[in-house]
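My questions will all concern the structure given below.
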Amino acid sequence: MATLGLIEYKDATPEVRAVYDDIMLTRKTDWINNFWKAIAHDPAMLKHTWDGMKQIMGPGSLDPLTKELIYVAISVSNQCGYCIASHTASARKKGMSDEMFKELMAVVGMANATNRVVAGYQVEIDEEFKNK
Amino acid sequence: MATLGLIEYKDATPEVRAVYDDIMLTRKTDWINNFWKAIAHDPAMLKHTWDGMKQIMGPGSLDPLTKELIYVAISVSNQCGYCIASHTASARKKGMSDEMFKELMAVVGMANATNRVVAGYQVEIDEEFKNK
Amino acid sequence: MATLGLIEYKDATPEVRAVYDDIMLTRKTDWINNFWKAIAHDPAMLKHTWDGMKQIMGPGSLDPLTKELIYVAISVSNQCGYCIASHTASARKKGMSDEMFKELMAVVGMANATNRVVAGYQVEIDEEFKNK
Amino acid sequence: MATLGLIEYKDATPEVRAVYDDIMLTRKTDWINNFWKAIAHDPAMLKHTWDGMKQIMGPGSLDPLTKELIYVAISVSNQCGYCIASHTASARKKGMSDEMFKELMAVVGMANATNRVVAGYQVEIDEEFKNK
Amino acid sequence: MATLGLIEYKDATPEVRAVYDDIMLTRKTDWINNFWKAIAHDPAMLKHTWDGMKQIMGPGSLDPLTKELIYVAISVSNQCGYCIASHTASARKKGMSDEMFKELMAVVGMANATNRVVAGYQVEIDEEFKNK
Amino acid sequence: MATLGLIEYKDATPEVRAVYDDIMLTRKTDWINNFWKAIAHDPAMLKHTWDGMKQIMGPGSLDPLTKELIYVAISVSNQCGYCIASHTASARKKGMSDEMFKELMAVVGMANATNRVVAGYQVEIDEEFKNK
């Protein structure tokens, strides 16, 4: 169980409900996942995190699906079980196909391998890559 | 200096040169970065890694730029200095604008933060995210 | 189940029991948590780890609660489920309030975010921070 | 050099200068460290990060020094060179003595060791640590 | 459940079955563990990963048991539950005794501790260790 | 420079010199590398770490070279530059050939890749791997 428990909508303060409402409206859904209910014990953090998430993950120079794929890739690299489950579901909802998922995993594996091989061989950064 | 040193083109065996040639041809460039020169001491690994990289990072359901952005995101999460420098340069070459880079960094920061907050609050995976 | 199983007090050698006794005495408790029972298969490691833990986590320039909060922060950053659960419980026992926990999580999130953003932007260390 | 370069005060927009001014005022200092100058290319992120940092790292149930020690501990665990240098300097400024630093490092070493040993022995979470 | 589900032998294409057959033949076993069944949705990755695994983990200058111990050590450092379980089982099958396992865990703990302590104390690399 | 500076032999207390002497005697060398000089500011930690290192890294069911290879593998996975440099040098001194190094790096790359791929595909642990 979550350390401080989960705050359900019916038990939430108006301040927390306002964030819950905006999450559901923005995501076009009628439920709130556990992450938000867990951090709702800290209303300032709930609001700060949601405001950041809403702004950062929305459309920009990068489209929302690309951002979600990046989120999954990082969560996988960090071995965060909850994040892998939740952001894989989000990515699917935003249009990630099975093919995209498989290619994503291939990149994740390759990057995590070469990140260590390059460190292990103690490779110096090429001049061409500096100051650029 | 790299643990086993760097193998320059002029000193390379035909087997290694073949990989170097393919790297330069594929990337439309006339030089080889240190990573490949460092692992060229292990020609089987050089070939295996390049073959994988070429296939995985090429066009598919995800375009090469998206894959490169994912590579940067993972390298940053893993604190791999060489990889950050080299893949940031690659991403630029493939079309990453300053705006894209900034949005990428914002996602990287957010994901690395929430990956830990969710673990710290010991949040359980929602039933809605399972078996999906 | 733990790889080598758990060694209960009744089945323990006098050498292991001596450590178990000291753990219970030091912590003012009447039970031993699974971590110690799991590594008790290696009595030298059990003793070395407990001796280190007892010395390091005790009062000093930093008080025991501060040290426990640091332990939780690292465990969360490393995604160690067992450690998060056990050290959160320890921190509570040493006086961590809900408010402290929430502030701790906010720092953990912030630090994990900026640790990557600074690497991603390839920021060089300021001269003012060197040799100090 | 930082990926997008560093934005000095004299070259900054009023929006960025306002954040720089608040950093210097809050920290009672007359200079800005590279991290902020690097992310100033993204004024929204600069402001969002500084606002969060200011709020999270200020006094609360945990005092600013304790929070700074936690920040150092995480930065060390994550191998972030810049963050170790900058937050060690900050911690010193907030009162960290040599003794505190040494005790902090001892906790960091111990936590990073046991985080892995417990995972390696595949230890299950004690019932006593659940739902709490 | 695995993201894309598991592909059982009876439901597999000839291409996938060929890999499954080679895994069972090489490992002298009559079953396939979930990892392979999960990535079999991407037959190219299945084959590429198995081919690499077979070549890399086989006898060479390092014997298969030593390689398996290294695999366990990395999996433990990375907090990968599945990998710890599967590679601990593999190591046992290749001859890892309880004594070896315990010594392995002691090295894993020590290395993860000192990796951070050295970073925290900001220790510079000795000249004697460079260019070598 | 190291956070607290380096303590040279000539400036060391008898307590610290005793550890330095034992390091040089055990390693059959006439110098002390920076790691020990940096943590010598904390004589208790210096002694505790060296005693542990000496015991853990010495001969046992696993030979010293195997242990050193494991140390390198973990240091590489954790991106610890100092540790990679120092333990690669140690491994060489204990007999690591170029071939062994190359095979080690191949295992490190493979393990770091599959550790993430298995997490990304959300693969459940096989019953055959449990309770064992």
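Side notes on the structure shown:
Per-chain residue numbering starts at 1, and chain names A, B, C, D, E and F are given in the order in which the chains are listed.
Heads up, the rule we're going with is that a residue touches a chain if its C-beta (ideal position, glycine included) is under 8 Å from a C-beta of that chain, and two chains touch if they have at least 3 such contacts.
The structure displayed is predicted, hence computed values, not measured ones.
The minimum number of touch steps linking chain C to chain F comes to 1. Taking the mean of C-alpha positions as each chain's centre, the chain lying farthest from the centre of chain A is F.
Chain B and chain E touch with mostly matching residues; of the residue numbers seen at this interface, over half occur in both copies. Once the centre of each chain is set as its mean CA position, chain B and chain D turn out to be 27 Å apart. If you average the Cα atoms of chain A and of chain B, the two centres end up 20 Å apart. For chain C, the set of residues touching two or more other chains reads 1, 3-4, 39, 45, 49, 52, 77-81, 85, 88, 104-106, 108-110, 112-117, 119-122, 130. Within the complex formed with chain D, the chain B residues making contact are 79, 88, 98, 101-102, 105-106, 109. Chain E makes touch with chain F in their complex at residues 1-4, 31, 33-35, 38-39, 45, 49, 52-53, 56-57, 60-62, 66-67, 69-71, 73-75, 77-78, 80-83, 85-86, 88-89, 92, 97, 99-100, 103-104, 106-108, 110-126, 128-130, 132.
Against chain F, in their complex, chain C makes its touches with residues 1, 3, 44, 48, 52, 55, 130-131.
Listing the residues of chain C that touch chain E in their complex gives 3-4, 39, 41-42, 45, 49, 78-80. Across the complex, chain E is touched by residues 72, 76-77, 79, 81, 84-85, 88, 104-105, 108-110, 112-117, 119-122 of chain D.
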